[in-house]
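Letters are used for the chains, namely A, B, C and D, taken in the order the chains are written, and counting of residues starts over at 1 for each.
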Amino acid sequence: MIDVIIVGAGPAGLSAANVCAKNGLKVKVVDEFMKAGGRLLGQLHEEPDGTWWNGIEEAKKLSEDAQELNVAVECGVSVHNIKQEKSYWKVYTTKGDFKTRALLLATGAAETSLPIPGWTLPGVMSIGAAQVMTNVHRVRVGERGVVIGINILSAAITRELQLAGIEVSSMYLPGKNIVTEDAAKPLSTMKSMLKVASLAPSKLIRLGSYFMKYESLQSLAVRFYPKNGMKVWGMPVHLRKAVLEIVGDKKVEGVKVAQVDVNGEPILSTEKFVPADFVCIAGGLYPLVELAAISGCPFQYIAELGGHVPVHNENMKTPIDGLYVAGNITGIESAKVAMKQGAVAGYSISMDLLKTDVNIEDQLQQAINHVKQTRNQATIQFHPDIHSGREKIHASFKNTLRTDI
Amino acid sequence: MDSRNTEVLIIGGGVIGAAIAYYTAKSGMEVTVIDKGDIASGTSSRCDGNILAIDKEPGFDSQMSLESQKLVDQLSKELDLDFEYRAPGSILVCESEDEMIAAESWVERQKKAGLSFKMLDRNDIKQESPYFADDLLGGLECETDSTINPYLFTYSLFHGATKYGAKVMLRCEVEGMSRDSVTGLFKVNTPKGEIIAKKVVNAGGIWAPYIGNMLGLDIPIKPRKGHIIVASRDMPVGMRKVMEFGYLMSKFGKERTVDEETDKYGVALVFEPTESQNFLIGSSRQFVGFDTRVDMDVVNCIARRTIRFYPKIADFIIIRTYSGLRPWTPDHLPIVSPVEEIPNYYIAAGHEGDGISLAAITGKLMTELLQDQINTIIPTDPIRYSRFKNVSTIQT
Amino acid sequence: MSKGRIIDHPILGRLDEREEVHFTFDENKLIGYEGETIAAALLANGERVLRCHEETGKLRGIYCNIGHCMECRVNVGNQKSVRACLTVIQEGMEVKSGRKLPTPFKKGETQ
Amino acid sequence: MRDHKTIICRCEEVSLEDLVRTAESYRCSSRELKLRTRAGMGQCGGRTCRALVDSITQKCTNDSTPHDIPLGYQAPIRPITFSIMGEKKDE
């Protein structure tokens, strides 16, 4: 039997694996992708101090540590089921079934869709797909594209595409419908973009900080938003234009764009065709919780964390014996927070499996503090109310009586 | 609190409740249906969908299915919402000489009961599907068997019932029930208020004993769990329902010559191509209480059984699995019956794996019973509640 | 390496030389590089269309690129539903696009 | 190839229009919406559309999102072949 199986070789999973291995536990990490690193792979952004955060390098460091610590990292393996037995977990994979004393789910996030007519055409992809293709595979997603959906993730990845020499002609809002509604509103989009000070252009900040201070002036800020968009890194960001349709015969040929009013309603007389050979859809992220869901773990819906998350406490324990969670499965945050959460899970598992060591308890407390520090220092905040989201989920753990199924 | 009156109260929004609601409402009765969850949210959406005579005991049982088939064919014409109805027949395949011999006697008995059954030889089986294992010896066919989508059928029946005025109250659990000894009216407590009913039909499926218990009844129904694999769209493997002959053995609890796990989980191959070109593949039978979680060991066993009969679909893709609880009775026949000791109280439950098959005939018959008709569409004795009078403990 | 690739990158640096891998896509001979996925190799060769919807025949390409959406599924040798975005190309691999399937039970079509 | 419909479920090609019409007609749960339309019943297991289907349900019924996951997950959560599923494995 293995001591710990970790599903997901991303920042959380690898960090947890390394902590467990350091404490002498026998660890196996499995991941569907052919390389370890998870969402770290492909991340590339400039820090406020001018250095570059290169996710590929971070992933490499974690993988090298794992190798030195004899962690078995197996890529290209999909877990399709998990089951709690009396004293262990059974993990069903495409490369055999395994028994483990502790199971950590670090399955990360999936992308939320923004459905727009024509979005099934070849050449339309999620923004994350473009990131992986560009930075990991080093293959061009196209010559000239547009990005639909204006948010932190799409802004960061669009910048990465530009760095790789791929032209993004514009960023647009999605055409408004019942499901894109929230992402299609100029005002709420503007508000959320202002929170990413480091990524927003100065002109936008100036306009924003003047108008956005006052509730009554907020819609004015949107009203005065330039019709031709505001340039960020030489590329127009359109808070007053939306893509109504993606057009193409056998693959993407362009998008049909129209100006929208302050509520995101299109002004139809303004429709225009914009050519593009690729389109990225950026709807944001939600926790990927499938395995937790089939394990019988209780859930809470917490909007601040990005959706349904498995109930867990600060130690990354779920109410189910031997089942732990870390990283974006617990709520959408940056890879740096995920790494720290992974460490917490690692100490938490070590403490539970090794029982006696007081030293681990101190380290666990320290690791929990590191999560908080990292969260407070984060330059990229996916959700402004992340703290309240965390409090809610931790409180729900206390309220959950252990559910014996 | 709200209080409402109804002539007939049907407890249970599954396929049985749906069919009763449809026929009673159509006949002009005032009907209310309540369910603790949604329409078809229990067994009726966790099963496959067939109106089969092939697997029914020759005689009353298979004739009841035949009548149901006729009704479903009519329903496919009279209901507005499509429910993926087709009537291509179905087959049983045999893997041993013993099964072939048993199959011949099965066919003879069914023919005697007036059903259109016939034997299939090795060649017929090959014609049926190029995906079959080469060693299958033959099988038998029932030409009248038909197939539907079970939850769409349920939705369609309710859609039809509400057009005839039936009321449906969902997320409305029965919290208590009493019968006024003077007026004879039933008083049913629900979170949405009190319902006063002249007649009550307990169509609670696996929960029928729980509902019955509120009035002191001891209904001998137990949940029997079954698993189904959903395989993804692929080339057409066959055009109709296929079962292994051993399914009959498993269903009626007879001894089979299979490996330990197959026997333990009651696994027997059932194969059904659906209109969306997926494949529903079962089956298993287990008494494990009310646990509806999928047991992967059982699914593994079904997958192995599938490959034994269809070696060439080993590379087909399984996209999900599910399990449902079938309301089992000790003699494998449902209870569709008035309850003598409680006037105006009826039971329509205990169809085990035949709920979809027998829903239409159950609905029709129950409507006749509610109207005190003497001449019913099928004889009622074999499915009377009173047949269990002397059964004090349920044996499995 | 072909023009579909990002050879030089200001931060990530220059792409290492890699071994060529020969494979086919619907019988067309193509060249990829060792360690890359079917999806990456196909896109670098300008192939955007990976399959069509089994029932409607509408064309599809990669969508999520990390194994979630199943849109990039192709057939590799005898294996069905292989996710192009997660599967590393091998020398001599025969990749086939997903095709439309018969739907004999759909109303209005012949049985 | 032009299609002006907004597809929600890419696997089963279920449109927004169909989903909204169904949700408004029956005021039903996400699960019933799924069963009535097939949205979320394809190979991806609903990973691409489940949040969209849930949001249609909520908006058409004015319900808030429940804490229990509206569209249940069923193993296998990744498509696998019969041969993998049926393997006799020694642990």
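Heads up, the rule we're going with is that a residue touches a chain if its C-beta (ideal position, glycine included) is under 8 Å from a C-beta of that chain, and two chains touch if they have at least 3 such contacts.
Fair warning: this is a prediction, and the values are worked out from it, not measured in the lab.
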Steps needed, at minimum, to go from chain C to chain D via contacts: 1
Centre-to-centre distance between chain C and chain A (centres being mean Cα positions), rounded to whole Å: 25
Inter-chain centre distance, chain A versus chain D - centres from mean C-alpha coordinates, in Å: 22
Interchain centroid distance [CA atoms averaged], chain B/chain C, Å: 44
Residues of chain B engaged with two or more neighbouring chains: 232, 276, 296, 315-317
Contacts with 2+ other chains: residues of chain A: 32, 78, 81, 92, 110, 120-121, 250, 288
Shared interface positions of chain C, touching two or more other chains: 55, 58-60, 63-64, 67-69, 79-81
Chain contact topology (line, ring, star, complete or other): complete
Footprint of chain C on chain B - complex, ascending: 82, 84, 86, 88, 232-236, 239, 273-277, 315-317
Contact footprint of chain A on chain D as seen in their complex: 1-8, 10, 13, 16, 20, 45, 47-49, 51-52, 55-56, 59, 65-69, 72-78, 80, 84, 89, 91
Chain D partner contacts - residues on chain B that touch it in the complex: 38-41, 45, 151-152, 155, 229, 231-232, 276, 294, 296, 299-300, 303-304, 306-307, 313-322
In the complex, chain A residues that touch chain C: 32-34, 44, 52, 54, 56, 76, 78, 110-111, 120-126, 128-130, 132-135, 137-141, 163-166, 250-251, 288
Complex contacts: residues of chain C adjacent to chain A: 4-7, 9-12, 15, 35-37, 39-40, 43-44, 48-50, 58-69, 85-88
